[in-house]
Every structure is written in structure tokens, then in C-alpha cells.
């Protein structure tokens, strides 16, 4: 579908601060950026990164004082298919090498600690697609979506105990359980149509049947309305703003709406 | 039943080291020490602690070089009744004040993190006895007894994720879930008849129906053959040996056998 | 000195909630409660605990709806002496048995992890008093008082890394380092004259020279104006309000002022 | 210099296990593999990965039963220069994009928690080279090399508290402190001449003055005798053996010796 996405960030930097901003949709095979505008008062010295494999983009800058960053785009995110239950998983030897890091534990997704649980609960379900769907069902049944119980330091281990969290926590737990089943899984940031309240969304992707499949463990936004921004091992890799020193976030406004002329 | 219990500890202390040794059965209402012998080469300067409320005993000393500590006793542990499923729990106002610390989280039993899980899983089961029995069943079903996966620093949170551990870990998880249900629970060290291999055992007690009830979450030793040594908030309080500085443990031998003349 | 202390707590309880309230000064040898008033709308069913060894008091109740709890007292806190640098430490055998739990690690004070650091930094300083003063100096030099960087789950380990925190964190770090030096240390809650902004204060006590000595690692309130409420292993034991289930804290107002007629 | 390096790994796999083996020196600009031999009984189905940017190599396989893996090579590691104290650090905008992930915290290197400490201790030292050398001096002065105090789960946070560890722990702490200073740092596995006892070595690299510089925070092996194998965010990325399920490591023998004909 075709979507209008928009983000407006207002930050205050006490001194000259180096930043990485990751709010532009990836220019990847599964979505097309039809038009876009990135604006920031001080546009001198911007550096733009583009990852040829993933299509991800990032802006680097050095900012000071109060700064307003606005990004607007029209994106056609193509046809987002739902993960089929019979999607086959791969042995390691059959995976593309760029998938391998997403088999390993990471800071917020310590999958090595969940081997026994994942084996007991999900290992006998046949195909990889069935396993991932069972993981998503398990999370839906056992974890409550509650704001305020988690922080930027909450790991999947803690969410598994607490049984509550927000999209970031659901995503970390889903990734962790999939990796514990030897299924490559990575975190994805996205614009999300019909997410309420509107915000950047954290979801994840699993690699099955020679493809990365987007899934939303919170079930709060339809897969067909997701626009991918960045992907990485966990939330630390896909932050929309990373800064060299502490600063003040004054406003974050995000929207994703169906474009009028969409079919 | 009547039991012969015995412990032999061999430690090497590089320099003069202050120690607390907790291997003597409690002189409590529910068990009688018929005869006993505590021996250590250097018996000068021993200090003996006795807690009037719990009947617990402890020996303090300052030791150096290699030391062998032997304790032997004949104990009648009375009639250890199993927790009845209809045992009623108390509101806080009806608890004896000495029970209150055992409602709080502690280092290895962070019950505050398990409130949501415990409520979802066990809260609707009626009486306190039914809840505790459900906790014990849950642990039996979901956690494997495996040596070597945990350490002296393993918390109930980690065991809940790992789904494996030894008696100390089972006990911490059981205590944690009971406290999360507002049922007072405390760790107990014990000599255990028919525990295989023989060792000090870690179990726990819950306070219901005006009584502390001994339960064994590992189901490895029959309740009727348990001889209580010490109780406390968690394993840190009931260590058989606490030392002021690092030392080398060369041998720990423990036995608990039915006395010949028992009926 | 003679002080007027006052606390007003407003809480909202969604359903009948069991609570323990610890806001009354201890009736201990070192301070005298000259007059006091404890009020709560629903005073039926209050249970009062009194610990004969420490003189600590606590109120238990079952509360529902919005509740206002007010406590006011006039207290003479006697002569609070500062810890002398030559105060001698005790070998374990010479400690009263009630001091022993305060040698052990606890949840927020994992002193076992700090043995090496404490030995390297403080062990060669001679008397216990000199060691504790060096610990207080170290904290003053290396840790910043900053609100908002810590939570109710922050341990001394984290504060040692973060190098920032509030009174609770300073106290946990001080206790931890003292216990790592084999000096008994316990957490204390207090009313504090000249603490700005006014609030309950968290400080600690060390046992040296046959006495517990109050010290304030934040250096924010003079020792002569402290009124002791509760003591325990760490902050979990001395919370001014402990509840059986989550509730909403709407207001906490605390004051401690010199009584007019004080000499 | 020219070195003969050799590794022999003996593993037992209970069932068919997927593995990634990372023991071959990188074919990177700073070192040349003159000759090599990789042997494993079952050589069918090996997959070889080669990273064009870093020159790192890895072997994937599916193994069962007891397996012996032997790798031998002659490597010329060129001229390993020591980090100059005046090496300049870069602002983010001037870094190659492949350096950016090594600015971020990772599981074993939670640099976000060390911002305050690193700023206080090292920030005023001028050039990046001087800062990194000060970090290395600090570690040398404050942390003891002690086997057995850490595990595969030990983070830099824990090592900072414990003040003891092995090469992996020293490396994690060094990386963490550098990243907290906004200097890119990554973990490196290596063969190490004159390391005693011989083993795989964990060291790290910092990016300054447009180059990655190898440093050894343990000071146990001379930089001129290091042969780089893999690099990554922390130890999880550079394990010499990663397996899909638990297995038994029966032997690891490693050697690195000066080749006879070296100049």
C-alpha cells in the first residue's frame, strides 16, 4: 500500500553533540520511497550512510542548541505477506552469511539463556513457520502490553519474568525465542499504519524459506501497513536517535497514513 | 523418625580466618536432638549462638591452616506432616511479626518481579495450601534438576529463565513464587534421609494456618526424613560455612540414616 | 536536640490492600519520643509491631480507597556523636549475635563482589573508624548526587559503575564497602533536620567499639539532627510503605524542624 | 614477523550439530598467510565465509560424534606498530561507516553505563592515543589477572567491580571504556607469540588516526607477535567455536612460534 509517513523530532543539545539519526525508510527491495524531504536547520556537515545490502540509511551530524528535525515521505511498501506456517527453516550451512549474526545472542536478546525453555515449548512443532507462529502466540497469551514497566535497559530475560512491556520488549522476547530455536531473527524499526497512539514501532524479522519475514509480536499494527526503517541485532542498533552525550528530547511526533490515491 | 546425622568438613585457611559454621540441627519444637558431638581440632575460642525463637544454633571461630570439623548427632525429628491443600493463608494483620521479613523480596528471591506471573498462574486457586501445592507442581513440571548450570550467584529470576538447577535453585524459585502470592516463605537447610547423593539439602517453609510447613520442591527427599538446621531469607542466610575471606573447601561429607531402633 | 517531625502520606488503593507503614521514630536508647500522634481515617484493625531489641515500630493495616496517613511527633534525639577515627573493629567472635546478619551481602548490597576492591583501597588504614571514614571520603569524591539516574532496583554494584545516585544509592554503596571490610553495616531510615528538599532520608550505621554509629554518606544532613525510624539489611527492609499489591502514591510530605524550646 | 601458528580442537557432539569455526587468521592488509592447512575428518559439506572488508574467514559445518579439527599455518603478520600517544580521534562525521557499530554498547561492553566514570577519569587527556593509553594503564593498575573468577557471561560491569579476570574480561573492560569516550573499539581474537600458557588470546582494537590499532590490555603478549583471527563487537562475535546446541569440548591446544627463517 502507499503511505504518507512523517516524523518530527525536537531536541536540545547543551553543547556540540554528535548524532546519528535513523528515521528514513530503507530503500530496500520490498518498498519504494516515492518522494521524501529531510529537513534540519543546520544542514551543513551532514553525512549520509547507505547500506547496500539492507538498503538502510542514516544521517550523521553535529548539532547544538534546540534543533527540529522533520522527515516526510510517500512510500509504497509493496505487498507485505504474512509468514506462512509451512515456511521451512534452514540449517546453518544453507544460510546467507549476512544472516549469521542474527543467530547469536545480543545484549537485549540473550538467547543462550533460553535454549531449554525454547526447546521444551516450541521445538516439536515441525516447520520454522509453525515455530515462529507458536512463539508469537505464546507472547500474545503470556505477556501484557503495559507502558511504564520497562526501561531502555530492559532485556528479554526481564520481560519474560515480568510478563509485561511495550513493543520494544515484545520484540526482544520474540527475537530471543527464535534465536534460541536457531532461527535468524533481527529487530526492525518502522512507521506503522493504524498504530495507536502513533509512534515509531519496534517489530522483528525472521529468516525462513530464503526470505526475511516481518512479524509484529504486539499485534497492534497490521503487517501490510509497516514501513521498514532500520534493522539490527536489537533495539540498540535501530534507535532513531543516537547521541555522543546526554541530551534532552523535547518532542517526538510520528504519523503514518494511507495515501489518498492508494489502490 | 529417629536419624543418625553426620557432617565432616575439611577446609584449608591460608591465614587466620573468621568463620560461622551452621551444621547443628535446630533445637526446635518439631525435633529433638537426643545426643550430639561437635569436634574441631582447635576448640579454643569457640562462640556459640542460639536463637530462642527458631532454636537455630551456630558456631563462630577463628581458624587457620587445614581444619577438620566433624558433627554427629542422633535426632528425633518428630512427625513431619505434609502440607494440607486446604491450609488457609493469613492476611498480614494476622501474622506473627517474626513472619513479616519472609514476605519481602531478598537477593536470590526477587519476588517483586514475579507479581504478575504469580497472579496469573496461581492466584485463583482458593486456599494457601492449594496455591503452594500448585507452585510445587509448576516447578516439578517446568524445571529440570541439573547440576552445573547454576552457581552460588544464581537468582530465582535466572532459574525461571534457565528452567534448570539444583536444590538451592528450586528452593529459591519456590520461595519467590510464594512471596509473590503474599505467603511467607523462608529457606531451610537440612540433613535429608534418602537424598542421593547425600549432601546438605536446601528446602523451604511456608507459613499457613498458624504453622510453618516444610516442603521440598525437588521431591528428592521424603519430608518425614528431614532434619532442620537453619532457616533464613534465602541461601545466603543458611550457608553451612561463612568465612571472612576466601578459603579452600577440600571435602564435604554428609550423611543421614535411619537410626536402628526406630519404629 | 529536640525536633518536631511530621509525615503526611496520601495513597490510593484500588482494592483492599494490606500495608506495613514504618514512619514512627524508634523508641530506642539514643532517642526519646516526647509526644506523638498517628492518624488514619480507618483506624479499625491496626496492628502495631514493636521490636524489643531495636525499638523499631511499625503499623499494619488493610486499606482501601484514598487514604491520608499523618504522623507528628516531638523527639529528643539525644547527643548524636560523630564516628571517631580510632573506633576499633571487632573480630566476629566478639560481636553481639544480632550484628551478624549485617556482615552478609544482601540484595542491594552485594558485598561479596567488592572484596578485592575494598581490600585494595581501604584495608591498610588501621582502625575500623579510619576505614569507614575513608569509605565515606571515597564515596564523596567519586559519586555525584544526581536525582533520576537510579530506580528502586538499583544496587550498589550499579551505583559503583554509574558514579551517581541519591541517598538510597549512597547508603547502599557505603554499606556494601563496609561489609566487604567485615564491618557490620545496616541501612537506616530517618527524619533529617536541614535536609533540602525535605524528605525521608536513607543513611547507615556501622558497628564499631561496641556501638552502632550513624553516618550520612551524602553529607546532606548533619548527624546531630537525625531521627532514626527503622533499620535493616538494605532499603527493602526500611521502606516507609510496603503494600501487598501495586497502588498509587499521591503525596509524600516530610518535615523535621528544631523544636522552639530546644537547648 | 613470521610465525607458525597451530590449533587443535577435539569436540564430542551427541547428535548432528551445526557449528561455526573461527580459527583461521584473517587475510587482511596487515598480515599475509604464507601457507596453511585446515583438516577435519568429515570435510563434506563445509561452507567457507569470507568478509571482504575485514578479511575474516570462518568455516561452517554439521558435525557428529568425536571430531578433531586441526589448523596450521605460516603467517607473516607484517609490522605491528604500537599505538602512538598523539594519535588523533575522529568526530563521528569523519569515521568510515563500518566503524559506527563499534561506538555502540554491546552485551559484554555496556559502555552507556560508564559515561560518567570515563569522562571523569580520562576525558581531559587530549588526544585519543593518550586517552587509550590511560585506559590501558588504569586497567593494568586496578585489575588483577586471575583465572577462575569470571565466566562466559561476565560483563565489563562485573569486571569493573570484581577487579579481576582473564584476557576476555580485560578486553571487554578496555573496549567499554574506549566506547564510553566515543572512540570506536572492537574485540579481536588472535594467536599470540610468547603468551604463557599458550591459548587463543583476546585483545582489542581502537580506531584512531584513520587506522585500527591493536592493543593488549593484559600486557601478556607482545603486539609484534599477534596474528589476528576475527573481530567483532565483543567476545560473542569472535568465539573460536559456536554451536547450535550444547556439546563437550575435550581439548583445545594452541601454539604460536617464531618461524625459523624469520628476520
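Every chain is named by a letter (A, B, C and D) in the order it is written, and numbering of its residues begins at 1.
Methods note: contacts are C-beta pairs under 8 Å (C-beta built on N, C-alpha and C of every residue); 3 or more make two chains touch, one makes a residue touch a chain.
Just so it is clear, the structure is predicted and the values come from calculations on it, not from any experiment.
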Superposition rotation for chain B onto chain D, Cα-based, multiple of 5°: 180
Pair with more cross-chain C-beta pairs in contact, given A-B and A-D: A-D
Intercentroid distance (Cα basis), chain B paired with chain A, Å: 46
Chain A and chain D: spacing of chain centres that average the CA atoms, whole Å: 29
Interface hub residues of chain A, defined as touching at least two other chains: none
Pairs of chains in contact (touch as defined earlier), listed by label: A-B, A-D, B-C, C-D
Touching residues (chain side chain A, partner chain B) in the complex: 113-114, 116-117, 120, 142, 144, 157-158, 160-164
Touching residues on chain C, where the partner in the complex is chain B: 18-20, 45, 47, 49, 51, 60-62, 91-93, 97, 100-101, 104-107, 110, 115, 182, 236-237, 242, 244-246
